[in-house]
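Note that chain A is present in both complexes that follow, paired respectively with chain B and with chain C.
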Partner chain A sequence: MDYIGKSNLRVDAYAKVTGSAKYTADLAPRDCLIAKVLHSTIANGEVISMDVTEARKVPGVVGVFTCFDVPDVEFPTAGHPWSTDEKHQDIADKKLLNKRVRFYGDDIAAVVAVDNVACDKALKLIKVEYKEYPVHTDARSMLNDKDAPILHPNWRKDNVIAHTSFKSSDDFNYDEAKKKAIAEYGEENLIEVVKNVKTPRISHCHIELPISYAYVDTNGKVTVVASTQLPHICRRVVAQALNIPWGKVRVIKPYIGGGFGNKQDMLYEPLNAWLSVKCGGKPVMLEIPREETMVGTRTRHPMDGDVRGLATKDGKLLCRELVNYSTNGGYAAHGHSITAKCAGIFQNLYKNPLGVNSEAYTVWTNAPTSAAMRAYGVPQAVSFAETLTDDICEKGGFDPLKFRMDNLCDENLKAGGVEFYTYGLKKCLEIGSKKIDWEKKREEYKNQTGPIRRGIGMCCFIYQTAVAPIALETASVRMILNQDGSMQLSIGATEIGQGADTVFTQIAAESTGISPDKVFVMSSQDTDITPFDTGAYGSRQTYVTGNAIKECGVILKKKICEYALTMEDEEKLKGKKLEDLDVFDNYVVDIKSKEKLVSLEKLSTTAFYSFTNNQHITAEKTTDIHTNTFASGCTFADIEVDMPLGIINVKDIISVHDSGTLINPALATAQVHGGMSMSLGYGMSEEFILDPKTGKPYNNNLLDYKIPTAMDSPDFKVEFVVMKDPTGGYGNKALGEPPTVAPAVAIRNAVLNATGIGFNEFPLTAQRLVHEFKEKGMI
Partner chain B sequence: MFDVSFVYEAKDVKDAIKKLVENENSEIVSGGTDVLIRVREGKDAGMGLVSIHNIAELKGVKQDGSGNIIIGAGTCFYDITHNEIIQKYIPSLGEAVNTVGGPQIRQTGTIGGNICNGATSADSASTMTALQADIVLEGPNGERTVNIKDFYTGPGKTVRDRCEVCKHFVIKKENFENYHGYYFKYGKRKSLEIATLGCSVLVKLNSAKDAIEDVKIAYGVAAPTPSRAYKAEEFAKGKKLDDKTLLDEFAKLALEEMKPRDSWRASKEFREQLIKEMAKRSLVNSIRRAGGKIEYYV
Partner chain C sequence: MSKKIITLHVNGKDQEVAVDERESLYETLRNELRLTSIKKGCEVGECGACSVLLNGKCVDSCIYLTIWAVGKDIVTVEGLKDETNGDITDVQKEFIKQAAVQCGFCTPGFILKAVEIVGANKPYTRDEIKELITGNLCRCTGYMNIVTAIEHAIKHNMDKLGIPYEVQPSTTSFDLPDEEKEKMLKDVLEMQNNDVTKS
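Take a look at the complex of A and B:
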């Protein structure tokens, strides 16, 4: 391969470093009106009345719009492909502004004015009268209150979005399996761990805030320029929310400053579009401040799971169970998908000879809406599965590495249409354990006393690369040959900071023979121009769109070669047949000898301007894929615990990934660094917390919500097991999300190794550590 | 856009006072790292801002004829940390203000603002309290000097009148000469952080360097205002460094005088543990800096 596996510089590196790259706010017209949203100050209830008289009088205010003014249309917000099967459509449970308030900070009114100061003044003058209902901010408390008001009576008879059980067999029952195990092995030969694990509500903390501006174009199209991960889905949802034909909406996505799944939901784009329509189609900009973003957009699901596991005294894992209560917040957004994915990974990470039950509830609550966040329920899945494993090992005196080698899922795993077309998990364990010096350190860290202790721990994961076969996986690509033999690459898939444009460029170069410097990827998506793609989510794009680009490249190359054969004046092409030709390094070449026959520059110029054989050489391809392959990997962490202060110092940490071929190794490594940093936050410091009585957020700002800084980050070490996956365009598997799965739990397990205490509530904050050490009389 | 009714760039202190007196709904802005946040949050929205940012006489660090250190209120954190006088005589203050926020904030925020903001969490406050700084204020009725122990009246509250400009701080020679100090900031992360607890210790050893001659310990966030632990200080005076009860007793007494509270930011149990442990570690580090030997596990 000529252009795959090379660490090309990002195609947008200079633009982003110099600040010349244009983001949504940079593009807004000068006369743009500004909008701001009024949020509820109760967590559950109804808006009885709203008085906007004084607000309307504020100089500069153009309009005040309330939950009593919006269309009576509930729309779905999830960034899932639309399903033509009604049963598989996302729950449509949200209006542009809501009279029925479901969480503290729900959107109840909006002001449009000439500037933000006028907006703020007007917001303060709106008088709201509420009727209040009891508040439940977490799934269990909501389920325990049989009299709790039902948040979405149009959709369910209670507050449960869904309840599923993934079992090894329909009749599996953990207690029965345990009885069977006792009969077979004897109770004295078994080890059981029963516990509860809680995971935090996490904020995505993308640097660029959710922002959009909308206007009605001269052709009547409602146009939204938005920081979204998925412009084509955004177009559909805006149309649904406004109840207008889909083709009447146009969405443009410029450069975006991160999304991490938050911008995989339609956040405020539909409201923004409606506000512009209400203001006569004038451009209106809606930027959501950080404080409101943390509350009013989406979060990672806080989960609360009862976990059980049984093993024999010689280290054979027998059966496991997870009963998980997942807090979804006020609106369904992604519905049950995330909790279900969590359940699936818990179920399949290990072999369960006596069976497994992975049960999940997703519950509407009076909390900020949880939805997609990088790794989509899998960090929680390994928080359950991999803390259980280490607790079993601790109790049974097993080496956690050997126990995993013996009990982890193997290359034969097939689950829900996903399988390991290449299996590198155990190879990852071998490399990681060697690099961190596992055996020596496990020995060294035995029987420590004193206030400062060292520990080493690990965590594994498996990860579905795409969403097939559960959801449609489609991608479209258009390649246009320019007059000079360079190429425009137009894709519906989006660059959101992850480096997609760069790897797409390399894939396009590889498949066409046009060198990367002559491939011009169109970074901005515009639904009026760009071919369809469902966008950036999951770890799908390099896999799904990568396949489409590869296939499109084959078509373009064939067209180029066919044209070459018509160039009668070219001596070197005389007598050649199509099968003799290839394109390499911007030349049509002889496929065997690689002899240069004609340059693409000459070929293109001829094609564009020929009187006799005029052609505009383009190619287009839509690919929908139906395969899906597991990626996998692990993290090893070597830590020091300063017990009197509750501080965990990460001394050494390494992640090893089985992600198939790396299209761009430098970008792949950077992807892992970012994911590890994110997981460090999940593991040690980040939790978005609410007052359980009122639902009011405590720390919806970046001072009180503790995302790790560079100073808090150790050197992240990264290794890869490279195996060419037959289903990936060029052998690649998931890498976008997997890095953010394992580090947190590896650190937790290292703390267990250091102190003998297995913490079961994430993040492992100093306060939690100090509390536990004091309880146990260790400090 | 910020909702401020006016911004006035004062020529000198008297000019600033005049403008503040004339406009009831106005306040002083210097670095702006607290005031502009309050404006954005809506708390100070609509106010007029009287800027003392460009008043040269408020900036810089110097020594007077008696050797006292004078720190201009408008001196930014970065300039304090990198000042030769500070580095020579009270490096722990330079280190303390070097823990504020991040590099940009430290280039902008000033020590005057940090103290006058009245926050118990201010990174300069506990060290300035341990140094027993005098605060020089000038208002419509002239100049007055307030010792830092009398300056704070509650969370976010001080004796400074809205129309008074904090001009400078005086650290008396006897309060820093032969003392060695250490500021321990405990945060939930290592930068861009507000202190969960701050602890500043200044210690003077005897000439044999085997006993404590004098010690000052002050905390931030252990009570509603920056607070000294006088009983702990009294106890430690004269104690030998090899006295096995020294650290535990010092920490225990320090805790007795503090009033940590339970909040969502930190539990009382956690704060109490930090108050004790940080007393020990700050004292140990100060003693070591003073050239004394003391055993501890860190």
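Take a look at the complex of A and C:
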């Protein structure tokens, strides 16, 4: 392979370091009207009336629109491919503005004005009268109140979006399995851990706020320029929300300042489009301030799981159970799919010889809507599974590394159409444990006392690549040969910071023989121009779109070679057949000898301007993928706990990933760094808190909500086990999301090693540590 | 409120602008002078995406009034490019080389902070660099490659000043030697050159 596995510099780096890369706000016309949203100040109830008389009088106000004005249409917001099967369609439970208020901060009105100041003044003058209902901000409390008002009576007769059980067999019952184990091994030879684990509500905190501007174009098309991960899905949802034909919507995605799954939902694009329509098609910009973003867009699901696990005294894991209550917030968004994915990973990470039950409830609550966030329920799955493992090891006196080597899922795992076509998990453990010096440190850190204690911990994960076969996986690619033999690469898949455009360039180069410097990837997606792709999510693009690019490249190359055979004046091509030809480094070459036969430059110029054989050489390919391969990996953390202060210092941390072939090792490493950082936040500092009584958010800003700063970030070590996966275009597997799965739990397990205390509520903040150490009389 | 005509010294030039006295420097530079490298991430001085250099020091332009900037030397990332030959700074080059850029939204702010850090002519350690950039938030990179890029930019400056300085060795075995990155950087810069009279 010539261009795969090379650490090419990013194709967009120059634009980004010079400030010339244009993001949505940078492109908005100067005369854009400004829109702002009024949010509810109650968490559950109804808007009875709204008085906008005074608001309308504010100079500069163009329009005030309320929940009484919007189309009577409920639409789905999830960035899923549409399903033509009604049963599999996303739940459509949200209007552009909502009379029925389901969480504190729900969207109830919007103002359009000539500037921010007029918007803010008008918002303050809107008078709202509510009818209030009791508030339940978490799943369990909602389920426990049998009289709780139903949030979406059109969809369910209670507030449960879905309740599923993934079991090793239909008749599996944990208690029965335990009885069987007692009969077989004797109770005294068994280790059981029973506990509850809670994970936090997390905010994505992409630095670019959710933003869009919309206008009606001269051809009558509703056009939305948006910071979205999935322009083609955005087009469909905007059309559904406005109840207009899908083709009448055009969505343009410029450079985007991070998404991490938040911009995998349609956030305010539909409302923005509608506001423009209501203002005569004039351009209207809607940028959501940070405080409103944290409340009104999406969050990572807080989950609350009862976990049980049983092992023999000699370290054989027997059976496990998770009963998980997932807080979905006011709207369904992705519905049950995230909690279901969490359940699947819990089930399959280990072999369960006596069986497993992984049960999940996803519940509408009076809280900000939870939806996709990087790794889609798997950080929570691993918080359940991998804290359970270490607690079993602690209780049974097992070495956590050996226990995992013995009990982890192996290369034979097949689950829901996903399997390990290549298996590198245990190799990852070998590399990681060696690099961190596991055995020596486990020995060294035994029986510590005093205020400063060291600990070492680990955590493993498995991760699906893309979303097949549960959902459709499809991507389209268009390649256009330019007159000089360079190429336009047009795709619907999106660069959102992860490095997709660079990797696509390398894949296109590899498959066509056109060198990367002559591959011009279109960085901005436009649903009127770039072909269909469902977009950036599920660690899918390098796998799905990558395969499509590879196949498209094969077509283009064949067309180039076929054209070469028609170039009668080329001496070197005389007598050649199609099977003799290849393209390499911008030349048609002899496939065996690599002799250069004709340059692509000459070939393309001839093709474009020939009187006798005029051709514009292009290729187009749609690829749908039905395979899905597990990626995997682990993190090892060496930490120090300052007991009186409750502070964890990460001394050394290494992640090792089994992600198949790395298309670009430097960008792969950078992905892992970012994922590790995000996991450190989940593990130690990030927690978006609501008042449980009122649903009012406490810390919806970047001062009180603590994402890691540079000072909080240790130097991250990264390694890979590179195995060529037969299903990936060039052997690649998922890498975008997996890095943010394991580090938090590795740190938690290291704290267990250091102090003997297994924390079961994330994040491990100083307050939680000090409280626990005091309770236990340790400080 | 009526607007006031003031003169700002931005990226080496005097520019006359009409401003509302309550206007932030962020608003004036972006909306009036169209310097769109300055980004908005929070509007309360937490994230650093709107950083600009004022007399060589980074400030959050979202919480700094435009009228306070009169008489000060204002630099944005647009001003870092040498207009006579198109050259960019060592800091920018190292951000490209060390894969310190992902979504790129925080990048202009980090670059200006790095220019300030390198300009201090001090051989800062990685930990010191981390402390210095802690007012700029990034959600993509975990800061790892940003710190590395700044280390390398400091190294170029220290070499010029004749002060010994070592950058920390890479923490992955998948990293490339710096010479190879340097070669690829040349290609990236060459891609930007459309002037056939310039070699």
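Keep in mind that, in the parts below, the second predicted complex is superposed on the first by the 779 of 779 C-alpha atoms of A that agree within 3 Å, B and C clash if a C-alpha of one lies under 4 Å from a C-alpha of the other, contacts with A are read in each partner's own complex, and residues count from 1 in each chain.
By definition in this document, a contact is a pair of C-beta atoms (placed from the backbone, for glycine too) under 8 Å apart; a residue touches a chain by one contact, two chains touch by 3 or more.
Note that the structure is a prediction, hence the values are computed from the model and not measured.
K.L.:
Determine, for the superposed model, which of the two partners chain B and chain C contacts more residues of chain A.
P.N.:
Between chain B and chain C, the winner on chain A residue contacts is C.
K.L.:
Mind working out whether A:Thr765 is in touch with chain B, chain C, both or neither, as first, second, both or neither?
P.N.:
A:Thr765: touches chain B, not chain C.
K.L.:
Is A:Glu208 in contact with chain B, with chain C, with both, or with neither (first, second, both, neither)?
P.N.:
A:Glu208 sits against chain C, while chain B stays out of touch.
K.L.:
So, A:Thr709: does it touch chain B (first), chain C (second), both, or neither?
P.N.:
A:Thr709 sits against chain B and chain C alike.
K.L.:
Where on chain A do the contacts from chain B and from chain C line up?
P.N.:
702-703, 708-711
K.L.:
Which bits of chain B are touching chain A when the two form their complex?
P.N.:
Contact set of chain B toward chain A: 1-3, 42, 45, 102, 186, 188-192, 194, 264-267, 269-270, 273-274, 277, 297-298.
K.L.:
Give every residue of chain A touching chain C within the complex, in rising order.
P.N.:
7-10, 12-23, 25-26, 30, 204-209, 255-258, 260, 287, 289-290, 496-499, 517, 662, 665-670, 673-678, 701-703, 707-711, 713, 715-720
K.L.:
Show which residues of chain A lie in contact with chain B when the two form their complex.
P.N.:
Interface residues on the chain A side: 115-117, 120-121, 124, 450-452, 642, 644-646, 685, 689, 691, 698-699, 702-704, 706, 708-712, 765-767, 770-771, 774, 779.
K.L.:
Inside the complex, what are the residues of chain C that reach chain A?
P.N.:
Spelled out, the residues of chain C in touch with chain A are 31, 35-37, 39-44, 46-47, 49, 76-78, 80-81, 88, 92, 95-97, 99, 101-108, 111, 126, 129-131, 133-134, 136-147, 168, 171-176, 180-181, 184-185, 187-189, 191-192.
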